[in-house]
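One chain, subunit A, appears in both complexes that follow, with subunit B as partner in the first and subunit C in the second.
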Partner chain A sequence: MISAIYNFALTTGANRVIRGARIEHVCGDPTLSPEKDYAFGMRIVTTALQTLTIAVPGPTLFDPMTPGKT
Partner chain B sequence: MRLEMGTFPVTDIVFGRTTRYDAGRLTVDREAVLAAVRQDPRIATAELEIARPGESVRIWPVRDVIEPRIKVEGPGVCYPGICGRDIATVGEGRTHRLAGMGVVEVSSVNWHDAGGDYVETYLDMSGHYGEMYPYQKLVNLCLVVEPDATLSEEVKNYAVHKAALTVSDQLGEAVRSLTPPEREIFELTPVDPSLPRVIYIWCVHSPQAMSGSPTAFCTATYGLTQLTPPWYLHPNEILDGALTGPYRTAFAMSWTVANNPLLSDLYRRHGRDWNFLGVISLRTEWTTQTEKQLMANQTAKLAQQLGAQGAVVTWDAGGNEFIEVVRSIQACERLGIKTVFLTSEDDATDGAPTMLEPLPEADAIVSTSFFKNVTLAVPEALAVARVIGLPTKTVRRGSTIGLHGGADGALATAGPLPPPWRYDDHYGFGSLSCIE
Partner chain C sequence: MSVPLRVVHYVNQFFGGIGGEDQADVGVTVKADAVGPGRVLEKTLGDGARVEATLIGGDNFVNERADEAARVIAAELDRLKPDVLIAGPAFGSGRYGLACALACKVAQAQGVPAITAMHPENPGASSARREIYIVPTGASTTSMQAALDALAPLVRRLGRREPLGSAEVEGYMPRGIRRVHDRGRPGYQRALDMLLDKLHGRPYRSEVPYAAPERVPPAPPIADLSRARIAMVTTGGLVRKGNPDRQVSANAVRYHRHTVAELESLSPADWEAYHAGYFNHLVNSNPNYILPLSFLRDLERQGKVGHVHEHIYALPGVSTPVAVSAGHGRSIAADLKAGGVEGALLVAT
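Up next is the complex of A and B:
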């Protein structure tokens, strides 16, 4: 689950929680140029897809901007 | 800060040749009041109608209900900062209010184009659902107003709200130089230092995140609607209208904010049961976890700096805004400040929690309602004899329970209507129990 309010996602039991940007633009940032916005969104979505291959013991947070840190 | 509140109870409103108050009867010069409203070139049409308690009348769409309050002595104006009004700090001197009545702002103008913030409130002056609101007991002067259709949504909002405030001001002027039948002094005098120190954490919605505008119309603090760090307000400022509605729920109107029974009780028992420290007003709907937590931390820190030992917490919204509210409670408790939380409940269907983020620190909670018409199978509101406002109502939320609108979901306003889609008594006006 990609969520800007990730603690809520964790407490409600989502196994893999990916930190999104903001509630109003979870996978993007309108202050960036279109190219950078696309790259930013891709990084979040790609992180989300990659976490599907990772076994987790329970609700776990993944931060696309800090790879490897959970 | 000392405020003398002079109350003029209104028991009836009639139209007449001059606007004046006489022993509970408010006469309104309809043409003079409307002429003042129409001075604003942004206003296209404006009419006034009276709705009395018990009448078979439905008012739709209800954007706000305002209690006329006027500054008689002391700095500033009541309802400061809104729609370009003076922003001098209020709460000092003398204020006159017309009690038992409301100026109802009736217009098709919606809050803003984004999100799900629709104007949803209708008001029945008789019948079951009207009884659940404090406004049904008021004599209501309804301003049915439409702005120039070419204006932006934001400008339309300010135009129609300014029009309602103009009506409120015109009525208030009628009692400016009269002697009030009732007077009450509001002052946070020094009290017995052994009394517990209590603060009121009053959370109010900001439309900034959903509208994308820092100036979108909504619940305001001195006219400001944007997301801001917590404010420390003297309760007298709120009595003078420094904190105002409206927001989309029926209990977040300006009238309910000005007449919040929780604020009154906290104030009136100051010096007897506790030491009331005042109000921290927290703007909600921050949109990252970090911002929500920061506001919670700062709210609790401010309460601690002010010496609070206890806090009463209310909020006026739903959804993600719960996070900064409940985390403020958690942060207070972790600093040793005991909290009591007033909140409505969420739908527990399929085992969902009745609160979005149940935290163990929030362990003293007063439920002010659960209201979902589909789950409770509550009946529709009955047909009425007269409508003030728009002839049709589009049902955007909630069940129509056997009522069939057109393809666009529009129903005749005068006919049976679905019950209100939510019932959130944020401040404890009603005494409706869970079983009722």
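Up next is the complex of A and C:
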């Protein structure tokens, strides 16, 4: 689950939680240039896809801004 | 000395001494006096109560022919006129638990107080806990004596038609009933006391019941993303431009499935958000923020993702009761599985 309110997702039992940008623009950021907006969104989406290849014991947060750290 | 309470005990074919699984189809019969665990029950209840009769029902019969079983139980209770009916304990046995719940409901409908005992996860408990008194037990018969010890004081009081206190105090499973009563001190004082206890590390209890969210076992990882079929789901209220499907903006009673088989990305000319829980204008300028089709198509072209599933699922995730949301989730998950989807990205606003 990709969500900007990631704590909510974690406490309600979602197992793979990816930190999104903001509620109004979860997969990207319109305040950035179109190229940077796209790169940011792509980072969130690829992080989300990678979590599908990882076993998790229970609700786990993945932050696209700090790769490798959960 | 007062007259002993007249107790009727309901048990299944196994505890009634008729037989095991091979006898689960037998109908409801009655035996005089206590049978099997009923003897221990009687002893636990003490001199103030006597098991007058034992109703014995086959687990399959009572569940498959519930109406017929209910009629027989009702007729026997009408004849025996007990002060109280006790069913079980059923522990973790599902069919037995449902049968005990049925027996209790039949008794209550006739004005006979009733109580049963079973494991909290028994389907009999989850289906009937709001309607009848159920004492929680362990999952197996090893907790028999503990279950009977817990039942006995409640049975005596129900039999004498004394009202029971709250579930918390009496130890039966909460029925979801709230009663107005005076706690003696106003809320702000109780809240401050609770806060002080918390700050001092002392034990405290919230007065607001907490429903712990369901735990779902994590899905096993996908071995190879480059061969996997990936789907997208959004609770961001994505609709086709102009909302021709008439999606609501909150409290969704259904979800909407759209096809994106022909699409490279979600264009703001064709898609927008209709959701009462956040400002939709940024998504309206780029709907891929809540359903990342453009990104997945690029990854699909690069061979990093096997296939992008042709269907997307959308609803506004706001002001929807948990039970309704869980129903939508189950239905979407079943559809994804049937479509051969191995992984899904759910974007939640």
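Here, the second predicted complex is superposed on the first by the 70 of 70 C-alpha atoms of A that agree within 3 Å, B and C clash if a C-alpha of one lies under 4 Å from a C-alpha of the other, contacts with A are read in each partner's own complex, and residues count from 1 in each chain.
Please note the rule applied: a residue touches a chain if its C-beta (ideal position, glycine included) is under 8 Å from a C-beta of that chain, and two chains touch if they have at least 3 such contacts.
Fair warning: this is a prediction, and the values are worked out from it, not measured in the lab.
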Subunit B versus subunit C as contact partner of A:28, first or second or both or neither: second
Partner chain in contact with A:16 - subunit B first, subunit C second, else both or neither: second
Which of subunit B and subunit C A:64 touches, first, second, both or neither: neither
Larger contact residue set on subunit A - subunit B or subunit C: C
Contacts of A:48 with subunit B and subunit C, given as first, second, both or neither: second
First, second, both or neither for A:7, with subunit B first and subunit C second: first
Partner chain(s) touched by A:56 [first = subunit B, second = subunit C, both, neither]: second
Intersection of subunit A interface sets (partners subunit B, subunit C): 4-5, 11, 23-24
Of all residues in subunit C, those that touch subunit A in their complex: 213-216, 218-223, 225, 228, 230, 236, 278-283, 285-286, 288-290, 292, 294-296, 298-299, 304-305, 343, 345-349
Subunit B residues within the subunit A interface of the complex: 209-210, 212, 287-289, 292, 320, 323, 356-357
Subunit A residues touching subunit B - in the complex, by the definition given at the top: 4-8, 11, 19, 21-24
Residue ranges of subunit A in contact with subunit C within the complex: 1-5, 9, 11-16, 20, 23-28, 30, 38, 41-42, 44-46, 48-49, 52-58
